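Below are two complexes that have subunit A in common, paired first with subunit B and then with subunit C.
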Partner chain A sequence: MDVSTIEQILIVATVITYLVSGSIYIWFLISRSDKAVRLATMLLYLALLTHTVALGLRWADSGHAPMANLYESLSLFGWGIVFFFLIAQRFYPVQAAGAVVVPTAFLVTSVGYVFYTGPEPLAPALQSYWLWVHVTIAMLSYGLFALSFGAGFFYIVQEYLLKKHYKNVMYTFVLLLSTLGLVLGLWAGSKLANPAKVMDPVTRLTSNVYAASDYIKIIGGGVVGLLIGMVLGYFAGKGGSKPGFAKRLPSLDVLDEVSYRGIAFGFPLLTIGIITGAIWADQAWGRWWGWDPKETWSLITWLFYGGYLHTRLTMGWRGRHSAILAVIGLIMVLITYLGVNLFLSGLHSYAAPGG
Partner chain B sequence: MSPEAITESELSSEKAAVITENTGSDKSFFGKSASDFVILLITAVTMLVLDIVLSISYYRSSSAPDLRWLLALVDIVTVLCIFGTFGGRVKHMLLSMKLALTLLFVILILAIVGTILPQGENVANSTWVSNPLYGFYNHIGLFDMYNSRWFLAILYLLGFNISFCIIDRLPTSFRRALKPRIEVKDIFIRKCPAAAAFEGAGEQGVAQAKDIIKSHHYHLRTAESGSVLAEKGRWSGLASIAFHLSFLLIGLGAILSTTLGFDQRLDIPDGKAAPVPNTELRVLNHGFNMETVPVKDGDRITGYRPSLYSSDLELTQNGDSLARKTITVNDPLRYSSSNWLLTLITSTKVNFHQSSYYQSPSGGYVSVLQVTYTPGKSLIYVGFGLMMIGICSIYFPHRRIWFKADENGELILGGRSNRSRVSFQGEFDRIEAELRLTLGKQEAG
Partner chain C sequence: MHLAVLGINHKTAPVELREKVALDEEKCGSLSSHLLDNDGISEVVSLSTCNRTEVYVVASRPEIGRREAMAALAHITTVDLSDLEDCTYYHEGESAVGHLYRVAGSLDSLVVGEAQIMGQIKAAFHSAHERESTSVLLNRLFRHALEVGKRVRTETRIGENPVSVSSVAVEMARKVFDELEGRTALLLGAGKMGELTATHLAGHGVTSFIVINRTFARAEEMAEKFNGRAVHFEDLSDYLPMADIVISSTGAPHYVLRKGEVERAIRKRHNRPIFFIDIAVPRDIDPGVNDVYNAFLYDIDDLNDVAGTNAAQREKEARKAEDIIEAEVGNFIHWLSSLDVVPTITALREMAEQIKDGELQKAIARFDAELTEKDINRIEALASGIVNKMLHQPTIELKRAANERGGYLYVESMRRLFKLNGTKKKERLKSEHLED
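Our next item is the complex of A and B:
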């Protein structure tokens, strides 16, 4: 058995353990059993250990830090989520957040595994110490924006709960999960329709290479994803729209503050991320900005969060409005991080890396 | 200075703009006198005609140099003249944050459109080419969005907006950071957004307030009259200006680099030499080198891909060798004149980047170089630095609390924050509560 096989077995084991641990965390939210949370934490430590070994093997096998393609980057991101959550849980009573954080880590790591590619040496353009500086900073900022999104989302939910608008709680969950389902479904459908990796989906759409049957596959994928998302959203909403759920969520003030802090620390990191990227691009290609989709989308994200900070700090927006912006912000982040690589930049020089 | 004047000068410029705009609206011709209106109208029409004439002559001549930046500038001035004639005051528009946020939003939308539509050479592979309106779309710059004249125009307008805001705020920010007003009138303290008063607390109360406010990490200064200013985040206003100034520097650097500099592709076959465009230099490719690694599908090798490639370059001028280096993708050859100070100021460096390579039909490799000269680079890097320093202003809002005992022995406190006013109100409320508790205890004891 070679190293990459062992690595894959470990990653699959990690993903399954995340799923089990995450389910127990959700169960904890309902039952409030201390035994459950102890078991979930123990499993999470175990999963972190196997994940660390898998990443370490990858590092040793490929000869560079695991951040050079989408699989490595997402796997590392999932690892980071769990690592920081376990640290936070040691010092703060944030066990309840595990019901969201651990399933997210599961989703990120398993989506990463879908993009699995064998270990490869770095492409010439990536052979620079800027790689890990740039990628680490960018990923930290994405993580903080995700935190801000989570707090913002639960702010909206909590507000509906306190106002006793239980139907809106349901709609919020359904909207979130069905959108996620729709996007994943459309993407899976487009993969089925035209598995050729030569062109990115948007170029393909504008180049008229699809046959009618391909469109059926894409739309079908979207519909299936949408339906699965709606069903999941219905159950999540049903669990979330009980009056008692409001007491298990943090107060509106705390959620608002956490959502703001995520952006207040994420924005400077994103700025450093963009600046290091610009310096690196100048070193590698002699130009510090080239309106490449990845660059452009990072600028879009940056402008968006810059706007958020202006509305908040100088115009005095708070609460619901800020929470909605924090939720929209993560859509921008996801497009920058994943959307550009999956949907847009098939022709660009750094389409493969996930940084 | 009267207390009203102080309060007015403390008002943010947007609010001041609203006030003047409202009072001026009863005059004829959109708040302008008839003669002003006629002069403005003539200017606006002249600018519009100039804009149209310049555009037509530019697009008609095929060999004109790239003057889109100039056209964009004329566009902006034209729009401002029209706004000045039929709208409110140009100054107020340029000073408003609403304009800044609107422009940011427009840039955001255009940037999104630009990543979805094929740009540059990618258009050739798309169905857009067969679209009957292709010529028109191409003409208005839909497929070269980021270099189109109107995208540049929006960037310039944002640049003007930011510059005017900086100029407007600079004196106040400097005064607040360097010469803060410690001595203020009672009415100013009472009119602050966060205010509190304690009857009969007197000088004793001022001493207590000093201790409590100091414990909240404020820096205190006392005037001779006994009035106190407590503040933190004193440099916040200037840091914020540094942040916005960084945009201008980066933008200026970009304009300098695109207008005065160059960025050109240079293909040199193995062992051959070529003149460097725009200079008197020649570059000689001593040898192109490539290392490959096998691409595996399972255990089967399906092909090879490069893991490293390099060119051994020598730079010459009139036969004299100036520099020699083996360049790789992340390690370019940077050649500068011997005057290091001049190099630092004007960034007069010619850079040779290893861009890619291809196999020539006659055999052997052709090394593809990217030769760049970016005179605005120093400005851009200073801009990056300022941006990083300025961004810290997010965490340290400038918070000020004035307090004193008035003639009737009443302790009055008034506080202001340049941003995050809600969380400042929270802190102020806590200070007030602590003070009430301490003063209450003293009364009881």
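Our next item is the complex of A and C:
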């Protein structure tokens, strides 16, 4: 068995353990069992260990830090999310956030594995110690933003429940989750029908690329997604109408604090990430800044989080408005990080699958 | 011996009678010495809380337990015997054990799932233990009851969600503020309910109180109780921004606090949230306040609804607790029945016979075929003779002890000395654990 086989086995084991641990975190929200959260945490530590070993093997095998292609950087990102979550959980009662954070880590890492490529030597442009500095710092900031997102998301849920006095919340939960389920189902269905032939959704809709059987798959996906969303929404609504359920969610005070801290630490890191990127760009390509899509989007993200801190520190924003910003912020991060690599071309597209 | 309990509680008697039957430490002592003067009673524990008075006794015959406990209680509390007879309940044996376990699991409490009862049982048992009115049976029963109560609390969520309005209010405030330590509470109106809620908040670490009332003197009075400061009603808008939690309970016929004022206050405190508890009827706070950013308003109905949901949850948990109790009663009864004399004697005899047979076989085998039939018979007769002579006196003593007070002490010692435990290993471990 060569190193990359062991690495793949470890990554698959990690992904499965994330999935199990994440499911237990979700179960914890419903069952409110302390045993569940202990088990989930233990599994998460275990998964972090196998993940660390896998990343270490990849590092040793390729001779460079595991951040040169999409698989490596996503894997590292997932690792960072879990790492920071476990630290946060040690100091704050944020166990409930695990129900979002751990499944996110699962998604990120497993999507990374989809783009798995064997270890390769670095492209000449990337051969610099700046790779290590730039990518690590950017990843750290993404991890913190993800944490901030999780806390912000639960702030919105908890605040909504408190305002509604835990009454008549079923409708909202069912509506939201079934809509989400419908959208995801349609997306998955269209993926099945037309696997990645046309990436751009606009082209896909306007030009008639689908056969009749494809529509069945798309609609079928939508229906399945809708049903799953409705069932989940029903249970979430049922839990949400029990004040005991929301007791397991951290208090607004803690959620607001965690969400803010995540950005307060993530923002300077992102700043340093952009600066080191510029220095590196100057060395590799002979210019500091070239309005490459990745550069542009990271600037937009930076401005956005800057706006968050500005509204918070000078205008006294806190609570729901800040939480909404933290949630939108992660969408920006995802566009910068994944969207640019996958859908837009530019100098950073070395990180695209197989690229 | 017969285990029994005579009791009176919130379900069987009105508070007027319960007050009279309530026993303080001293009365508990005289009750037990009074009861123990009777030869038919060997152990006594009395438990008295604001909702119940119960006397647990071990009597030589069932009818003695009931009669004596009733008479003693009437004697000590000077309540008419006929009044007591109408309002008391009486349980024996298995059902008495079940009753104590249900009390310990707080299933019999006025507020199901309340936590104080365990401490009260512990205290009652300790003082009974100290005045030496308990022995093997009640010692074991009460220790086991405390274990059962603990099991119920840890294995079910019976005590988890608050069911009284003021504790629900505190619980909700903690969902906003996490820890209440160092927070400021503003009391609007100096009513009784407001005071109760404020006491709860103080218990959770709120140290700073502002009291506002139309009658300033009343505000001052209340402020003194909570170490807070009294403020004139006109200054409400100056003090509102300082408050994290507002408890309103004025008798005003109209809204005292409106949306605009709250909006200004929250802006002044840089969007830090305020939690409003409106327990006044008619309401003091404009319901629109709940729509103000970072303001959370709960009125009496909202709190009652939450309390109701939580109470329903407790009912569900109570059913799980009943299962635990049923199993534990079974364990205790199993142990109790092992204290009967006849099975103990049988077990002792069986053990002796087994040893005798084993040793005989070994001895005879050692002689190979040297022994005649007659020799073997002689040896067997010798062995049986020793066993019977050895067991004769203990058997007589046990039978005699069975009819005496505290006779099960002999049975218990016998079972221990000869390891006559018919119980399963797991249970044995458990009961040994209970012993210390």
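In this text, the second predicted complex is superposed on the first by the 257 of 355 C-alpha atoms of A that agree within 3 Å, B and C clash if a C-alpha of one lies under 4 Å from a C-alpha of the other, contacts with A are read in each partner's own complex, and residues count from 1 in each chain.
Following the convention adopted for this analysis, contacts are C-beta pairs under 8 Å (C-beta built on N, C-alpha and C of every residue); 3 or more make two chains touch, one makes a residue touch a chain.
Remember, it's a predicted structure, so these values are computed and weren't measured experimentally.
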Touching partner for A:Ser251 - first (subunit B), second (subunit C), both, neither: second
On the A-aligned overlay, A:Gly307 touches which partner chain: subunit B = first, subunit C = second, or both, or neither? first
Check whether A:Arg318 is in contact with subunit B, with subunit C, with both or with neither, and answer first, second, both or neither. both
Considering only touches as defined above, state whether A:Trp289 meets subunit B (first), subunit C (second), both or neither. first
Classify the contacts of A:Lys167 with the two partner chains as first (subunit B alone), second (subunit C alone), both, or neither. second
A:Ser241 contacts which: subunit B (first), subunit C (second), both, neither? second
Between subunit B and subunit C, which one contacts more residues of subunit A in the superposed model? B
Residue overlap on subunit A between the subunit B contact set and the subunit C contact set? 316, 318
Give every residue of subunit A touching subunit B within the complex, in rising order. 118, 120-125, 127-128, 130, 202-203, 206-208, 264, 267-268, 271-272, 275, 278-279, 282-289, 291, 293, 296-297, 299-300, 303-304, 306-307, 309-316, 318, 340, 344, 347
Residue positions on subunit C within touch of subunit A in the complex are 157, 160-161, 168, 171-172, 174-178, 270-273, 290, 293-294, 296, 298, 302, 305-306, 309-310, 313
Taking the touch rule as given, give the residues of subunit A at its contact with subunit C in the complex, in rising order. 32, 158, 162-163, 165-167, 241-244, 246-247, 249-254, 316-321
What part of subunit B is in contact with subunit A in the complex they form? 97, 100-101, 104-105, 107-108, 111-112, 114-116, 118-119, 122, 125-128, 145-146, 254, 263, 293, 296, 306-309, 328-332, 351, 353, 355, 370-372, 374, 377, 380, 384, 387-388, 391-392, 394-395, 397, 419-422
